[in-house]
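Sharing a structure here in structure tokens format.
Going by the order they are written in, the chains are A, B, C and D; count residues from 1 in each one.
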Amino acid sequence: MPTTEATAPANETIQDLVIGNKILYRQKVVDAFGHLSVRHDKDPARYLMSRYVPPSFVTADDIVTFDLDSNPLDKTGLRYYSERFIHGEIYKLRADVKAIVHCHAPQLIPFAATKVPLRPLYHMSAFLGCRGCGVPVFDIREAAGMTDMLIRTPELGKALAASLEDKPMVLMRGHGATIVGGSVKQVVYRSIYAVENAALQMDAVRLGEPVYLADEEAVKAAESADKVVERPWALWRCEAVGDGDAAQK
Amino acid sequence: MPTTEATAPANETIQDLVIGNKILYRQKVVDAFGHLSVRHDKDPARYLMSRYVPPSFVTADDIVTFDLDSNPLDKTGLRYYSERFIHGEIYKLRADVKAIVHCHAPQLIPFAATKVPLRPLYHMSAFLGCRGCGVPVFDIREAAGMTDMLIRTPELGKALAASLEDKPMVLMRGHGATIVGGSVKQVVYRSIYAVENAALQMDAVRLGEPVYLADEEAVKAAESADKVVERPWALWRCEAVGDGDAAQK
Amino acid sequence: MPTTEATAPANETIQDLVIGNKILYRQKVVDAFGHLSVRHDKDPARYLMSRYVPPSFVTADDIVTFDLDSNPLDKTGLRYYSERFIHGEIYKLRADVKAIVHCHAPQLIPFAATKVPLRPLYHMSAFLGCRGCGVPVFDIREAAGMTDMLIRTPELGKALAASLEDKPMVLMRGHGATIVGGSVKQVVYRSIYAVENAALQMDAVRLGEPVYLADEEAVKAAESADKVVERPWALWRCEAVGDGDAAQK
Amino acid sequence: MPTTEATAPANETIQDLVIGNKILYRQKVVDAFGHLSVRHDKDPARYLMSRYVPPSFVTADDIVTFDLDSNPLDKTGLRYYSERFIHGEIYKLRADVKAIVHCHAPQLIPFAATKVPLRPLYHMSAFLGCRGCGVPVFDIREAAGMTDMLIRTPELGKALAASLEDKPMVLMRGHGATIVGGSVKQVVYRSIYAVENAALQMDAVRLGEPVYLADEEAVKAAESADKVVERPWALWRCEAVGDGDAAQK
């Protein structure tokens, strides 16, 4: 089914998706691997994500429309990310989710492989403490036994989505993490500060028993952070694409 | 009240403030968040700070004059940093303070969240040991219970200022740090080397029991450091704004 | 013996070798030291490697053809890497090996000097777990007593090659590591993610007892990784030589 | 006494000194502080060092000739490094020393403040193990009680020089380190790999009991390293001053 005027996403949706990819690369959340998607702004039963290219290479021409079973609805016959089911299955289960990041950021891997829960050490990453006690860890072994660790099927996507529950992030043992948000800007913010928190939490744990944000502090700080995502976005956009307009925002 | 010729700050004050913002960003003391202020050079009852933009974006046009209650006296009707009370309340309590940095540098967070006191491990950061034993930690919970961690009110600003006592720096649990100085150049120097000391102190603590500067050594080394702030400033200025003149200073 | 049309390597072989050198430098796997070689695509009894220059300086003109005893067959009379026997002796023993990296990446040295085995913590470096339990460590002292640590002779090359057995990598105590692969692109991929794994494994070990990939997971994930080496290569090539074509691949 | 044709240093001496300063900055051995000197190539009773500027700013015009009491013999009346006595007093005591680096590299400070001796973990930094067991630590407190930590007098310079004995490097508690060599290129090589070794030794110590180079291995590896200093110098020079000739060396 071709995309018509009526079903074409807003230019801003595409622009945020393209710039978000370049920001995630510039901020080292992704390298040649990892992906960012956004739910279609006119049709909640679709999502938009790049074809199979490194995030830093993504242009508007690379953006493909997928249904929630992760079938391409346009630009068919190309190579796509084999783990796109992460995105489709989460969009099915979580109506509140409008954008998703999947990454292998090295700072996150140790928290996916040990018993130390990733928890918010400062207000910038308060969302990590929202809705309870730290970030859940998905172990693909429990869902499917011995695999190549990748979310290659709808079933694995469903299992990952279920482990996420109502939280903003899930760690994936031996693999990486998936972060969700209400917009591209929010999920990019969350991804960058989740990685930052992981790095400084490792330092704090080694120094001594750290004091984390209390749940109530985390909820309040996360609400405040949601009101300021435009400010770091303007800087990250400027750093990633040298955008003068952004610099003056 | 409009700013008149008589009450306009010196050009050098504005220039140091703008360049200081860019240096703090280039040296990774601040990211999209954090702020630098300077007390008005002609009126100690006022201070100068940028409107609400990332520090690296700050230009002379963004500088706003505030009274010590942190009300804008010019460029009214803009968005300002919500935590500007950090600055106003410290300027009220500490006549010796001419410039203030607030930041979330990741190297500092672990020392704000654990029982390990930040102490000077070498002469570059000797000021950390001045006037007693290590850097105090402000816990907003003791002042106001469950909050979003931010210094959003004059009352919270007063509580933070009180915890600073007569020291050059205070750590803020779950948040960051505030550093004060007798000039923009001194507070920028202190901020950069406080972050550096935090990084190497973490290494030293993990290696074994480190020997810190003795109080007397710290006082003497800090006095010496105050005489050489122009030298790193020239380099940092050159790195931040590629200023050829600075390079020849 | 001069190289004739018949025995000249394919242009792509030379191009991959030159770009691989620049990628290894850009990704900090090598500094001024370390080297990359490739087995001759037309004659398995020869290999190609740069003359004695830092990897980032390598151009097509610097590529020398060696026999498996590591004697130069062209561009004779130049200075060559003193440790070229690492390459020749491994190519003799391992018909499956088509490309070899030798490096001193700092993240790898601690695993060559302690009892902690380098093991795959995530799918990107799954090959580390292939064919058994972690990466072997070669101690030159056992092979030759007190040396300057370098593989300066065919005998030392043979000893190193033997310690590699059928594995993709061997650590060298007090020295560095040698990584092998079925192509330049695969060995560059393996080198970069071996270094990445070392860095995050150090973090994970310090946090607590990490869960590594199971052998079966490692084998499957390594097979999958071998199918996607072109994607990071395109990015790394673009980062290393700013190649627009690569950027569009 | 003015410098005459007869007593003017060779152009190469000045060029190495200027480029060495820029390399030490580019490689993060020095920041705005730290200095590099070279013994005069025609008069062993003199040494050459920049006037008081950050190392990265140094040009040929900034180079001052000093006698071994660290009095300027030309370009008098300028500001000089207050710690120049480090250089003069070591040149007096150590006829074998032709070049000296003083720095505050953060990776070195923890080894100057703890009981863990800095020792060579790989062949690149083998010189750290030369002539015995690890790098000595100078504690200014034992020489002069409570100070500002700086080597401000000939007496303090003599005490530091004595603590160096016949070794290539001495750590300075609460301050930094001083490295010596037989040429600018050798001392720059030693400084860069001393810092590198400190970083990876910290990792190795935290992983488990590391195996260091045996004394005999260290002596042999250091001799070998001395034969290859031109290779990294060519790369570092290219990185520091973008010198195309160096790139082709």
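Operating definition for what follows: a residue touches a chain if its C-beta (ideal position, glycine included) is under 8 Å from a C-beta of that chain, and two chains touch if they have at least 3 such contacts.
All of these numbers come straight from a predicted model, not from anything done at the bench.
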Joint neighbours (chain A and chain B) are none
Type of chain C:chain D copy interface by residue overlap (half), same or different: different
What chain is the most remote from chain D, judged by the mean position of CA atoms in each chain? A
Compute the rotation angle for the C-alpha superposition of chain B onto chain D, expressed as a multiple of 5 degrees. 90
Chain C and chain D, separation of their C-alpha mean positions in angstrom: 33
Chain B and chain C, separation of their C-alpha mean positions in angstrom: 47
Name the residues of chain C that each touch 2 or more other chains. 206
Chain-to-chain touches, reported pairwise for every pair that qualifies: A-B, A-C, B-D, C-D
Interface with chain D, chain C side, in the complex: residues 31-33, 52-54, 56-57, 104, 106-107, 109-116, 141, 146-150, 173-176, 202, 205-206
Enumerate the contact residues on chain A facing chain B in the complex. 120-124, 126, 196, 199-200, 203-204, 206-214, 216-217, 220-221, 223-224, 228, 231-232, 234-236, 238, 247-249
